[in-house]
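The structures come next, written out as structure tokens.
Two complexes, one shared chain (chain A), two partners (chain B, chain C).
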Partner chain A sequence: MADIALTRALDPEAAIAGRRYFRSRTIIYGLLTIFAIVYLLPLVVVILNSFRQLPEIAQNGLIAWPRSFSFKAWVDAWSTYCVGGTCAGMQGNFFNSLKLAIPATIISTAIGAINGYILSKWKFRGSEILFGCMMLGVFMPGQVALMPWAYILGTLHLTNSTYGLILIHCVQGISFTTLFCRNFYVNIPDDLIKAARIDGAGFWRIFRKIILPLSPPILIVTVIWQFTGIWNEFLYAVIFTSGREQPITAALVALSTNGTNVRVYDVMSAAVLIGALPPLLVYLLGGKYFVRGLTQGAIK
Partner chain B sequence: MSALTVHNLRKSFGAVEVLKGIDLEARNGEFVALVGPSGCGKSTLLAMIAGLESVTSGEIRIGERLVNSVAPKDRDIAMVFQSYALYPTMTVRENMLFGMESRKVPRPEQEATLARVAALLQIEALLKRKPGQLSGGQRQRVAMGRALVRDPKLFLFDEPLSNLDAKLRVDMRTEIKKLHHRVGKTTVYVTHDQVEAMTLASRIAVMHQGSVQQFDEPQRIYDHPANMFVAGFMGSPAMNFIPAELTTEGGKPALTIKLADGETATLALFDNVASRATSKQVILGIRPEHLSRYDPEARAQKPGMVSLHAPVELVEPTGAETIAVMRLGDLEIVGRFDPDEAPSMGEEILLGVDMAHACLFDPATRQLI
Partner chain C sequence: MQSVLEPSAAAAGPSWRERLAQAVPFLVLAPSLAATLIYVFVFTGWTLYISLSNSSLLPTYKFIGLKPYADLWANTRWNIAYHNLFIFSAFYVVGAMAVGLLLAIVIDQRVRGEAIWRTIFLYPLAVSFVVTGTVWSWLYTPDTGIQLFVRSLGWSNFTFALTTDRNLALYAIVITGIWQSSGFAMALFLAGLRSVDQDIIKAAQIDGAGVFRIYARVILPTIAPIFLAVMVVLLQFAIKTFDLAIALTNGGPGIATTFPAIYVYDLMFQRGQIAQGAAAAIMILAALAVVLVPYSLWLVWRKRREGKNG
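This part shows the complex of A and B:
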């Protein structure tokens, strides 16, 4: 054995560096924990209040440790609470939102995928310009289009209907879905398409057999983006629908303007959580693809 | 009969003309290589034959049929890509069946063809794997398999070996040659590697700047390059070009070349090229293997041998042969020596120049005289 000392006397400089490292890590993690608490606190308050009883909230205040426990607020918010004369809770509005978000997500994602396929693999004269124009939609604030949409929905007799909102979200969403898919498909080698064309496959067969099987990462991103965006959208919902036709985001407003002066904090908390659950679930299921895919699609 | 005829084919991208009137023809069962440096238009030409690029003007015929505006799938061709272009989500089996499924070939026939080609390429064991699970050489085989199941009129290869490492490339080159002998299909093969072109092709089209410089059998291209570009491109190390002047020595035609310090050397010519030259100034082209250590005994057997003094500046042994860089006036010339008689660095070698194999070029037109 070579005569090498494997242990040596404590190096004071290394010890200081080690302590310094430990101290800086402690500070960093401490700060991050505080930020996380501050960020999560409103959610915690809402969750706790949804399980408290109203009298107890009134007595102890909105921000307090629960002294009572009940599911009543959830049941009320879902099926019995009265808004505008009908006492059916939020369930109708919840299903409105599903009826709106699911078809609009599917349609806009499908169109985006086909657009992206054409704009990346079947370029034609002016296709880059067309793509540039479509991208303007990404930067356009929703309120700019309010008036035109009011006119279009009026002409098509789609005001105060879920179908009207589906139309709006399909059209407004195409910019995003096209951008995502096109930037993803651009990175698929053109040789694959050429090989398939020589192999006798046409436009749709190439799309179905070659492009789509490669697409799950970007389709998951697009679906999450569209679903959460459409579900959470408020402005169009509140302007173009009313009463029983409203999606849940718009209906939540009605809770705070119920005519009496009693603030039903328990029911409001439960209703807000009901409204927030679907996007949360979608994100939990596909979140890891989302972070990965968004960077993939965004950087070109 | 020709399997492929290309006549006065032109291609422009906007104002840039990338192909300037290409004429090319492949006889039935022939192996034609398109070779040239990057950007010479060879891949564009292949893509046009495949139908992946449109024709600006001119004609492409496969067999007797004019195919200028026929879709790729209807041209009866198969193509192997540089990137292999294997469908990444499909297994090898699905990759190879894809074309037949697209064409609605009956099931039993698909299976029979797949089995035959898989056996031919010895890829039966790989059929259930995805392309991502294959090595470079295996992918290359599968790419060829996908082309072979088609049984087309014409095979197109677009630099199929350039993604392989050096050793595998040589092996696959041999395999392609064997395969071509066995299958006997007309093949057009694009490469930038002149060795590949020389070894594989029955005829080579050397391309440069959008036009075919020379279209001939490999040995003729090597021995009688049409111009200085072809001469310099084919062969490694490249041909030496030495400016020279036509003179006479003892009543016979000869060349005078400049050496260092204003000295000159006179080399006797052993051809009647002198009569074809239009000016006194010419460029002497001599391949490295036609330079050797001057040996008076060998001179008797090789009447073209003349001698020349040159200092050796650099020696590169490669094992089988030794490459030496020598100085000749302002120029460096490269010689290829048997390791036994290789010069050493700094030596002033008496060089034998085999003038029987020399080429003369016109310095103005750069064409072979």
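This part shows the complex of A and C:
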């Protein structure tokens, strides 16, 4: 574009076009900037307030340039702040979420990969229908499963424990992970599998030697999807756990409705960031795969 | 793999070892398949049955017919929740799609630093509704948030107190919902815009069509299926709205921002009216079905038609 504009510098029509181009660029970048400010404002506000001191926040409000600086809110939020009688900050809840999200992600992704492999490369009579039925799980609203889960967790003595939530997220995750992996494996040529079978390779050998080496892209998508989803989940967390067993999302709500007196915005800001950081990091590190998961999860 | 489930007809059929090898895929699939099918069908049936029983504090299995549903629809709070769901869905879906489309079109104009802009608009999606709702509730609080900020700039009469006004609190949730989800709409629209055949656009340009005309007449109609997909997904989010409303307004002020999902939670686990809570859960499922069944049928129909036309 630039060198064309140069050669026609004296052409009046080009000058008008250039001016119009400049104006449209201004509008475009202006719009993007305004929206970017709106999108970033809450994040910036929380980050800044987590380093401000409470008296200053109380005086100047949340949206103000910081005039004080301290790490105290972070220390409090992590290890000493009291919620509902226990004064250990959010660290316990943070680790609960890790202990929940990591195993549930690994298990559900592994199952999804194997299921996807079977449903794309080892089809049997009725497998397409079974796959369709499994996909209904993607759309199930959590509310419909609440009473059954309450009964099952009660019977297995898994209420108020991370293991109960792991079980729930594994079962509910299978539909998603199977869908993702199956749709990816379908595009691997069947000839590859046939050739391997003629060479005498069996079910597991083909999975290990052919499917798994081709899988990293879809496994990353699935892991990111499952991890952020499970980390951010709230309904089951708040219903089936309480107090020290709560994952971070439920604990955050308990913290912010805890307020008998003045809201401790500095500590709560730090607590919110502690809860938001893992999925944000995953998003920033694996952005491309995150978006791919979104678009696949949405359209298919 | 055709014959896993049938005994082999041939007398000199495969040995048990071969047969076992053939059955492996199904045997491996079976446990997780069973778990998922139980989750989908048994759980739904179970909740449906509870919704027709006289369960109160604990689930019981005495069948009493549709009475819980009658009670549900006679309940003011449920009707408010249901009404809220309609208003919220309409504004939220249209708003998120409009903002998402605008952002997608703007980003599609070969802007510099596209990856950075996209990262900014999409990050809210990585964060939980709880986090979003909590932070926005602070921003909406008049004496600490946006209102105070604008007043401190000198506009001393400025009022922005959505969450304390029972007529406006719902729109606070709408705005936050749009903030959270428009990046998602943007990502899908952008993918759609990029998939449009460049030759068609060039042909329209040669015919002298302006940018707006090209978008309105050529590009947007070709990505119509994406509009539908985005709409269906956003409607699903709206119907399942729970965390965001809890963290943002906790259903208040009063019961002004109750949603069906909050109602289910409240009746089942706070008030011990399990049958009516289950009935409300079934209504949520029905609402999802109203959105998803026609959509899936349309998808199947379109696939068949494409298949026929080659």
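Just so we're on the same page, the second predicted complex is superposed on the first by the 278 of 300 C-alpha atoms of A that agree within 3 Å, B and C clash if a C-alpha of one lies under 4 Å from a C-alpha of the other, contacts with A are read in each partner's own complex, and residues count from 1 in each chain.
The rule we apply is simple: a contact is a pair of C-beta atoms (placed from the backbone, for glycine too) under 8 Å apart; a residue touches a chain by one contact, two chains touch by 3 or more.
Computed from a predicted structure; not experimentally measured.
With both complexes superposed on chain A, which partner does A:D191 reach: first (chain B), second (chain C), both or neither?
Touch status of A:D191: first partner only.
Using the touch definition from the top, say if A:F227 reaches chain B (first), chain C (second), both or neither.
Neither partner.
Examine A:K209 and indicate which partner it touches, taking first as chain B and second as chain C; both and neither are also allowed.
After superposition on chain A, A:K209 lies in contact with chain B alone.
Please indicate which partner A:M140 is in contact with in the superposed arrangement: first for chain B, second for chain C, both, or neither.
Second partner only, chain C.
Mind telling me which of the two, chain B or chain C, contacts the most residues of chain A?
Per-residue touch count on chain A favours C.
With both complexes overlaid on chain A, does A:F94 touch chain B (first), chain C (second), both or neither?
The answer is neither, since A:F94 touches no partner chain.
Just to be sure I read the superposition right, which of the two partners does A:L280 touch: chain B = first, chain C = second, or both, or neither?
After superposition on chain A, A:L280 lies in contact with chain C alone.
Do chain B and chain C touch any of the same residues on chain A, and if so, which?
In chain A, nothing is touched by chain B and also by chain C.
Which residues of chain A touch chain C once you look at their complex with the stated criterion?
My answer: residues 24, 28-29, 31-32, 35-36, 38-43, 45-46, 57, 60-64, 111, 114-115, 118-119, 122-125, 130, 133-134, 136-137, 139-149, 151, 171-172, 174-175, 178, 202-204, 228, 231-235, 239, 249, 252-253, 256-257, 263, 265, 268, 272, 275-276, 279-280, 282-284, 287, 290-291, 294-295, 298-299.
What residues on chain C touch chain A, complex-wise?
1-2, 4-5, 21, 24-26, 28-29, 32-33, 35-37, 39-44, 46-47, 50, 59, 99, 102-103, 106-107, 109, 111, 115, 117-132, 134-139, 143-146, 148-149, 152, 179, 183-184, 187-188, 191, 226, 229-230, 233, 236, 239-240, 242-243, 246-247, 250, 261, 264-265, 268-269, 274, 278, 280-282, 284-285, 288, 292
Spell out the part of chain B that touches chain A in their complex, as residue ranges.
Interface residues on the chain B side: 47, 50-52, 71-73, 77-79, 81-83, 85, 87-90, 98-99, 102-103, 146.
Along chain A, where are the residues that touch chain B in the complex?
Residues in contact with chain B: 189, 191-192, 194-201, 205, 209-210, 213-214.
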